[in-house]
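Listed below are the structures to be examined.
You will see two complexes here that share subunit A, one where it goes with subunit B and one where it goes with subunit C.
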Partner chain A sequence: MISFTDFGYIFLASSLVIAVYASIASLVSVRSKNAYLRTHALVSMYLIALLMVLAASVLVYSFINQDFGLRYVTMHSNTSMPLYYTIAAFYSGQEGSLLYWSTTLSILTAITLFIYRNANYKIIGYSTTILAVVFIFFVYVLVFHANPFERLPMDMPDGQGLNPLLRDPGMLVHPPLLLAGYMSWTLPFAFGIAGLLSNDIGIRWIQLIRKPTLVAWGLQTGGLVLGGWWAYHVLGWGGYWGWDPVENVAFLPWLTGTAFLHSIMVVERRKKLQLWSISLLIATFSLSIFGTFIVRSGILSSVHNFAESDVGHYFLAFFATSLAASISLVIIKSKSLTDVTTFESATARESGFLINNIIFVSIAFATFWGTIYPMISEALGNQRITVGAPFYEKVNGPLFLILLFLMGIGPLLNWSNTNRKILLQKLQIPISVFTICLLIGIGFSGDIVLSLGFSACSFVFTTIVYEYFTGAKIRTRTSSENYFHAVSSLLKVDRRKYGGYLVHLSVVILAIGIIGSSGLQTHKEINMPINSTTTIGEYTLEYTGSATIEKADHTILASQIVVSRDNRASTREMLPQTIYYDNFETQPTSRVAIIPFMKEDLYIFQSGVDANSATFAIFINPLVNLVWVGSSLMIVALMIIFWPASDKRKYETDSRSS
Partner chain B sequence: MSGPIKKFNKRLLIGILVIIISTIYLITLSLDAASAIYMTPSELISSSTKPEERVRLGGMVQPGSILQQSDNKLEIEFTVEENDSRVLVEYIGATPDIFGDNAIVFVEGYYSNEIFSADTLLTRHPDTMEPLSQEIIDSDSNDSY
Partner chain C sequence: MVVLLSSFMFTSALNAAALETDPLQPNMIALTNEARSIALKLQCPVCDGQSIVESQAAVSVQMKQKVQELVDQGKSEQEILNFFEERYGMMVLREPPYSGFGLGAWLIPPIVIGSIVIWFSFILRRKNQQYKDQQ
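For the complex of A and B:
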């Protein structure tokens, strides 16, 4: 008898068959210029999106319907979970997250192909084939090795429930966004390979690839930021980024993707770095597959897990095959593509972009090396090694600092050559600001590294403000606008340039937050008897007792801490908590108590409670607010760039700034 | 891979080489300083680890072995075991959520006189989304989450 959930499987299997047809039809249509087959391929891709949405809906419905005959639903939910966690349970396991991955890919593919259906037939044709092939891999794994619609021999009375660590509002958005970020790099990758195959890496190609790239970059950025936000609020070690292997692999495609975002500007304006840009796309896509695979296989926590996970093998095979095929293609095409690699001036803007790319790739390489070094070391029969956060801080710290300086200088450079006198003139004010900040910083704190970091931020900030200022000044002269109006019309007229500056400005704010919260953090761990007090920074903390609260499917153990601030009469209450979920008694999770003051966060993690005392880890995280402010602004700025401008204006902009 | 190089500014080339070389130099320099040798209790006991070598020890907390000092509750002692090998661990500081009997822990520090002095204590990191108890109802799947 066919049950309702079997339809989910049928949808999956039919989308697999259709995708095979679409991949072949599209390839043949490019070769034979057969418009009929081409339409077939496109319609197939729309149909696949529909089938995948239906398959995903069946799983969502099974969760809502609490169908405990379905293995996946039983594993990840139970009757006492609130609805939003029940739906979030959808992507909390391997099968569901792969289903999520392929469903979002099919939707994004359908939308993109629909928008660009009448664009260059070769590029779109090849892209359709590549997108279908990537999709085939994921759905093949789903259909044959990780079927989310697998039924249990008999129905269970209740399910296991969601992993406690995932029961956090942050978890409702972070994993889907991060997976979507990984997934969405498939589109620029497909366009990149299609461009190679059709020997067309020019203006038309860039116009096609620009928006999908921005979408992927935005999703990936959002996923990383929310991951940090979640870690900060749940893990309780006082930070948001620990250079953990899983974080690193999510960071890798972001690094190469950001490099690509800069290198295509060189392709666009100077027709240089074409193959290099394609290579960055290949790296970004491969690293996204690698990331999805790492998150899903647990290979990095121990090499031994790897041998036991069969889905891991498929991922590794797909990773290796797609990488090998792409690299071969680049090598084959390197002769036929006339890539002019001429860099005549060190102070040309393209040279600035080249250095930017070299640094991004260096950071990616160092991060990749630190992450896989333990595996390599063990595979070679040496001792097992673990690489800690200090490695990444020591290697990436200086590289990021150079990148920060470059962000200040780069936008002042002209294409092909920069007049050094004018450059120095433009840099006069920023360099003065930098020097003053550096001297004040060292004078006050004596800490050279920190002062250098903050002064670098002040340098970049000044150059960006200066650029806006001069741009606005010219406008106030040529039109009758006032300064304020001029600044906003700059954004309208040259959205890419000034929107890009807004992204840079957000990065500066983010950098100040990162430098402040990592460099100026103070913390103490203390066991406090009831009604005792302790001081940290300008805060006095009194521990007044703990209590347990019983809830439907969990028990909360909360401690009360009364915080008073020097010279302030009012007090605030903090309630760090530990939550014990039923079925997961050995896996309690924390709710860190945080008071975000203007200049710093007061952050308390409850480590243990006994009859008459409790143990806390207390942190003061200066400027950490700016991390969240900066990264949110980054997304807003990206949306401003993304917002469609009228075609006429776009054309104006392009011709003016080239 | 990048086609024919026609003209390349010397200073730019030097700049790129400096970045690449210093990255590689920084990597080799920091890798040893920031890494620890990973061992299980049996490996640690049978090895000739020097007291100044940084070790990461992984194993399970022996049930009932956690002792808290009465005067300073931040000072704890516990035994990490793996089959029949046991190592006594000293640690000062707050403990993570999942720490307790039978928890899988990773401690980092130095080993001498049969005592492991740990300065970091991590429980199994939440790097997988699967519940640990999957093994219980999922005996046919061999993903070892």
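For the complex of A and C:
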């Protein structure tokens, strides 16, 4: 007898079969130039997306309906959870997150293939095959090794519920975005391999691949930032990025992906770095698979250990196979990836991009190495060396600083060659601003590193403003626009360049936030008896007492702290909490109390409460809100770059399609 | 509405012995800034990827107490780190040591990157030469 949820499994299995057909049909359609088969393959991919949405809907419906006969639903939800967490539980575990990944992959594939369906038939044909093959892997794991629709021998009265650490608003946004980010690198990867297979890595290929890459980049950025925000208000150590292995592996594809976004500009303008670019693209996709392998295998100790499972080795196999196949393809095709021009000058823009790429790759490698080193040291020497935050700060810190400077100088360089005299002239104001900031910084704080960081930001900020200013000035001369108007038309006319500068501006804001919140942070741990006060910065904190509050499925232990600021009459209340969920009493989670003032955050974490006192860790994080502002601005800038221009995109259609 | 505690959840007094057995003992330790910066460099031996500062595990709380004790005694950071390394092994250090297997962590990145950069400039120089010869 088939139950409703079995249909979910049927949808999955059907998708698998259709994907196998689509991958073969698409390949044959390219070789034999058969338009009928090509359409068939494309329609199959659309059909797969529909089937996956149906499968996902069955699972979501089972959660909402509280079907505790389904093993996955029983493990991750229960009757006392609010609806939004119940729905979020869909992607909280192994099977569900794989289903989420596969579904979003099928949807993004369908949309992308539909938009570019009239582009070069070889590229679209090969891409369809690659996308189908990747999809086959994920659905294979779902169907045979991680079935979300597995039923229990009998229905349970109630479920276990979501892991307490996941019962936070962050759960509603971080996993969907980060998983989608990981997943979406498959799209540019498919176009990349297709370009290699059809011996066509030219301008058209670049125009094709840029938007899917930007989409992936945006999703990954969003996922990473939201993960940081979540860690910030839950983990209670005052920061948002701890260089935890799982954070690191999510960061790796972002790093190589950003390098790729820059290197294809060199390929487009100067027809060099093709081999390098395609290697970066392959690395990015491979790292996305590697990342999910590390998270799901539990092979490294991390705060994300709840994602551990036994399908890790399938991902390892897929990672190794796809990487080996891609590398082989690149080696075979390397002859056709000849550079047309060379690097003549060290101050040419392409040289700047090359250095940019080398630094990104260096950061990626150092992060990768530090992440896997505990495994290596244990395998080779029986000693499990720990590589924690101090390592990454020391190694990556200087590299990021250099990158920051580069972000400022790069736009001032010209392609092929830069006139040294003109360059020095352009650099006069930024360098002066930099020097002034450096002197002020060292004078006020005595901290050279901190001052260097802020000064670098001021340097980059100045060059970006300069670029906008000179661009706008030219426009005001040649047209009737005023400055303000000119700036917005700059964004319209040369969206990529000035939108890119906007992204850089967001990065500067983000950097100021990071430097301020780590370099200028003040903190104290203190045990406070009831009704005692303490001061930190300009704030006076009074601990008035604690209470327990019983809720439906959890107990809250909250402390009340009354905050007053110097010279102000009004007070505010902060309630740092520790939360104990039924079924999970030994895994309390925290809710950090944060007041986001404009210039800084007041942040209080409750360590422990006893009969007479409570211990708190109190932080002042200056400028931390610029981290969230900068990140949001990055996404806004990305959307500006994406905004359709008035002219019809020529590369979406191709007269050579048969 | 916050109601002041009338009955207390944790009536058992803070007892060092109780810490070892009861994972729910509240963490009442407040580290001085100096002790905290040292504690941030020590890994919790039983948790996943956390330093003893973030971890609420009983052993982390004990280690924090010890760090504060040693700091109060005037021990230096290196002496304190050595103390814990002797007892828990090298894995307790969040920063790889600059000796033995720890060196592998520090040296490989610059070696690999340096090699890539050198190899790159080599290839570029050769290509520039080829390009000039063709002119």
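Quick notes
In this section, the second predicted complex is superposed on the first by the 635 of 658 C-alpha atoms of A that agree within 3 Å, B and C clash if a C-alpha of one lies under 4 Å from a C-alpha of the other, contacts with A are read in each partner's own complex, and residues count from 1 in each chain.
Heads up, the rule we're going with is that contacts are C-beta pairs under 8 Å (C-beta built on N, C-alpha and C of every residue); 3 or more make two chains touch, one makes a residue touch a chain.
Everything quoted here is computed from the prediction, not taken from an experiment.
Annotation for the three-chain superposition on subunit A: subunit B and subunit C clash.
With both structures placed on the common chain, the touch criterion links A:548 to subunit C but leaves subunit B unconnected.
By the document's definition of touching, of the two partners only subunit B reaches A:165; subunit C does not.
Contacts of A:373 after superposition: both subunit B and subunit C are touched.
Of the two partner chains, subunit B is the only one that A:92 touches; subunit C does not reach it. Touch criterion not met for A:82: it reaches neither subunit B nor subunit C. Applying the stated contact rule after C-alpha superposition, one finds that A:202 touches neither subunit B nor subunit C. In the superposition on chain A, A:245 makes contact with both subunit B and subunit C. Applying the stated contact rule after C-alpha superposition, one finds that A:395 touches each of subunit B and subunit C.
Of the two partner chains placed around the shared chain by superposition, subunit C is the only one that A:611 touches, whereas subunit B remains out of contact. The wider contact with subunit A, measured as residues touched, comes from B rather than the other of subunit B and subunit C. Residues 235-237, 244-245, 300-301, 304-305, 339, 341-344, 354, 358, 362, 365-366, 369-370, 373-374, 383-391, 394-395, 525-527, 586, 588, 607-608, 610, 613, 615-616 of subunit A lie in contact with subunit B in one complex and with subunit C in the other.
Of all residues in subunit B, only 1-9, 11-12, 15-16, 19-20, 22-23, 26-27, 29-31, 33-39, 56, 72-74, 93-98, 100, 102-103, 108, 124-134, 137-138, 142-145 touch subunit A in the complex they form. Residues 235-237, 242, 244-245, 300-305, 339, 341-344, 354, 358, 361-362, 365-366, 369-370, 373-374, 376-377, 380-381, 383-391, 394-395, 523-527, 544-548, 557-558, 560, 575, 585-586, 588, 607-611, 613-616 of subunit A are the ones that touch subunit C when the two sit in their complex. Across the complex, subunit A is touched by residues 2-5, 8-11, 13-14, 23-33, 36, 40-41, 43, 47-51, 53-54, 56, 89-97, 100-102, 104-106, 108-109, 112-113, 116-117, 120, 124, 127-128, 131 of subunit C.
Those residues of subunit A that touch subunit B in the shared complex are 74-75, 92-94, 97, 160-161, 163, 165-166, 175, 235-237, 244-246, 273, 275-276, 279, 295, 298, 300-301, 304-305, 308-309, 311, 330-331, 334, 337-346, 351, 354-355, 358-359, 362, 365-366, 369-370, 373-374, 383-391, 394-395, 398-399, 402, 525-527, 578, 583-584, 586-590, 605, 607-608, 610, 613, 615-617.
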